[in-house]
Amino acid sequence: MIKGRVAGRVWSTRRIGSLPQGALLEVELENGSRLIAFDPLGCGNGEAVLITQGSVAAAFFEKAKAPVDALIVGAIDETA
Amino acid sequence: MIKGRVAGRVWSTRRIGSLPQGALLEVELENGSRLIAFDPLGCGNGEAVLITQGSVAAAFFEKAKAPVDALIVGAIDETA
Amino acid sequence: MIKGRVAGRVWSTRRIGSLPQGALLEVELENGSRLIAFDPLGCGNGEAVLITQGSVAAAFFEKAKAPVDALIVGAIDETA
Amino acid sequence: MIKGRVAGRVWSTRRIGSLPQGALLEVELENGSRLIAFDPLGCGNGEAVLITQGSVAAAFFEKAKAPVDALIVGAIDETA
Amino acid sequence: MIKGRVAGRVWSTRRIGSLPQGALLEVELENGSRLIAFDPLGCGNGEAVLITQGSVAAAFFEKAKAPVDALIVGAIDETA
C-alpha cells in the first residue's frame, strides 16, 4: 500500500456505467505525484490515507468488474 | 486511477484479432509522460479524462481476453 | 520481489472491514521511497525484508478479497 | 498501452518450458527505457508498435500460464 | 519482460510457508535498480537474464498461491 493525503475530489458526469457511484478523491503521494482513488470511508480534505492499487482494489466491489484500480482502505491515525 | 488529457489518436491497421475495435487515444499525464488508452466514451482532443490501468481495464470488455491495459472510465468535469 | 528495511508501523483505526487485522509496516526501499506492507512474520524495526507486490500479495490471505497489495514474505538473512 | 519502437531481438536458448516459442523483441519506449515484448505480428526493426503489459498480455496465449507480461498488440500506422 | 544481470543471491530463513523453495537472485536492471527474482534455471552470477513480473510470474508454480512477483524465464544468449 502507499500513503497519501487527500487533495481534492474529482467529478465525472460522463462516465462508463460500471464505474461505481461514490467519491473519487485526488490524493497526493509522498513523492508529490497524484492519483485518483475510490473512497468508501468518507475521508476529508487533508486527511492521511492508505491506498491499495491494482486488481485487488477492484475486488472490494460486489460486482467483479468495477474498473477501479486504486482504493482508500484506511484513514491513517495521526497524533494530534 | 490517473488523470490525463487527450493528446491525439493512434491508428493500428496491422493488429492482433483480439484487440477491440474502437478509439485508441494518446493521453498525456500530469507528469508529462504518455500512454494509450481505449476510449468507450468518444472523448475529444484536449479533454480531461480519468484512466484505469491494468487487468481491471480489460474486464470492461465482454470477451475476457481483450489485451487492453488502460481504459478511459470517465471524462472529468471542468468548470468553464 | 524487492528488498527494503522496516522503518515504522502504520495504524489505521477507521478502515474498511476487509483489510486484515495485523501489522502494517512502513518499509524504506533501496531507492529511498517507502511503501506499506502487511507483515505476517513479526518483523522488527530496522530489519531487512523481502516484499512481494500486486495481486499475488493478496492471495496470501484465506479470504480471496483482502485489499492488500504488498506483503512481507521473508526476513533477509544478514551476516553479523 | 504504451508506444515504442523495435530496437532488436533477444534470444534465449536456456529457458523455462512454458515460455512460448516466437519472437521476443526489444522495444525502446518514448522515455528511453527498454522492455522485451512478445511479438505475434512479425514486426521489423525500427517499426513503431503498441504494447500491452501485465496479466492481460499473458491472456493472449491459449495456455493460461504463459509467463509473458508484455505483448505487441499492433503496429502503429505511420504516415510516410 | 525486462533484461537484467544476476548480481547475487538473497537468503531468507524466516519466511512465510508458501514462498517456494529455490534460489532468490538479486538482479540488476539496465537502469541500475535491483529486484529479487525466483530462478528455476540455475543461473550464475553475472549472467544476463530475462525476467517476467506480476501475477503471471506466480502462475509458474503448481500451487496457485505462491507469493512470487518476479521470475527468471530465460537466460539471454550472449555472443562470446
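Chains here go by letter, A, B, C, D and E, matching the order in which they are written, and residues are numbered from 1 within each.
The rule is short, and it goes like this: a contact is a pair of C-beta atoms (placed from the backbone, for glycine too) under 8 Å apart; a residue touches a chain by one contact, two chains touch by 3 or more.
Nothing here was measured: the structure is a model prediction, and the numbers come from that model.
Chains that touch both subunit B and subunit C: A.
Work out the mean CA point of subunit A and of subunit D, and you get 32 Å between them. Centre-to-centre, using mean CA coordinates, subunit B is 20 Å away from subunit D. Within subunit B, the positions touching two or more other chains are listed as 54-55, 57.
Taken as a contact graph, the chains are arranged in a single closed ring, with each chain touching exactly two others. Following neighbours round the ring, subunit B first and subunit D right after, the list reads B, D, E, C, A.
Considering their complex, residues 1-3, 30-31, 40-41, 50, 52-57, 59-60, 71, 73-77 of subunit D touch subunit B.
Of all residues in subunit E, only 10-16, 18-19, 24, 26, 33-37, 54-55, 57-58, 64-70 touch subunit C in the complex they form.
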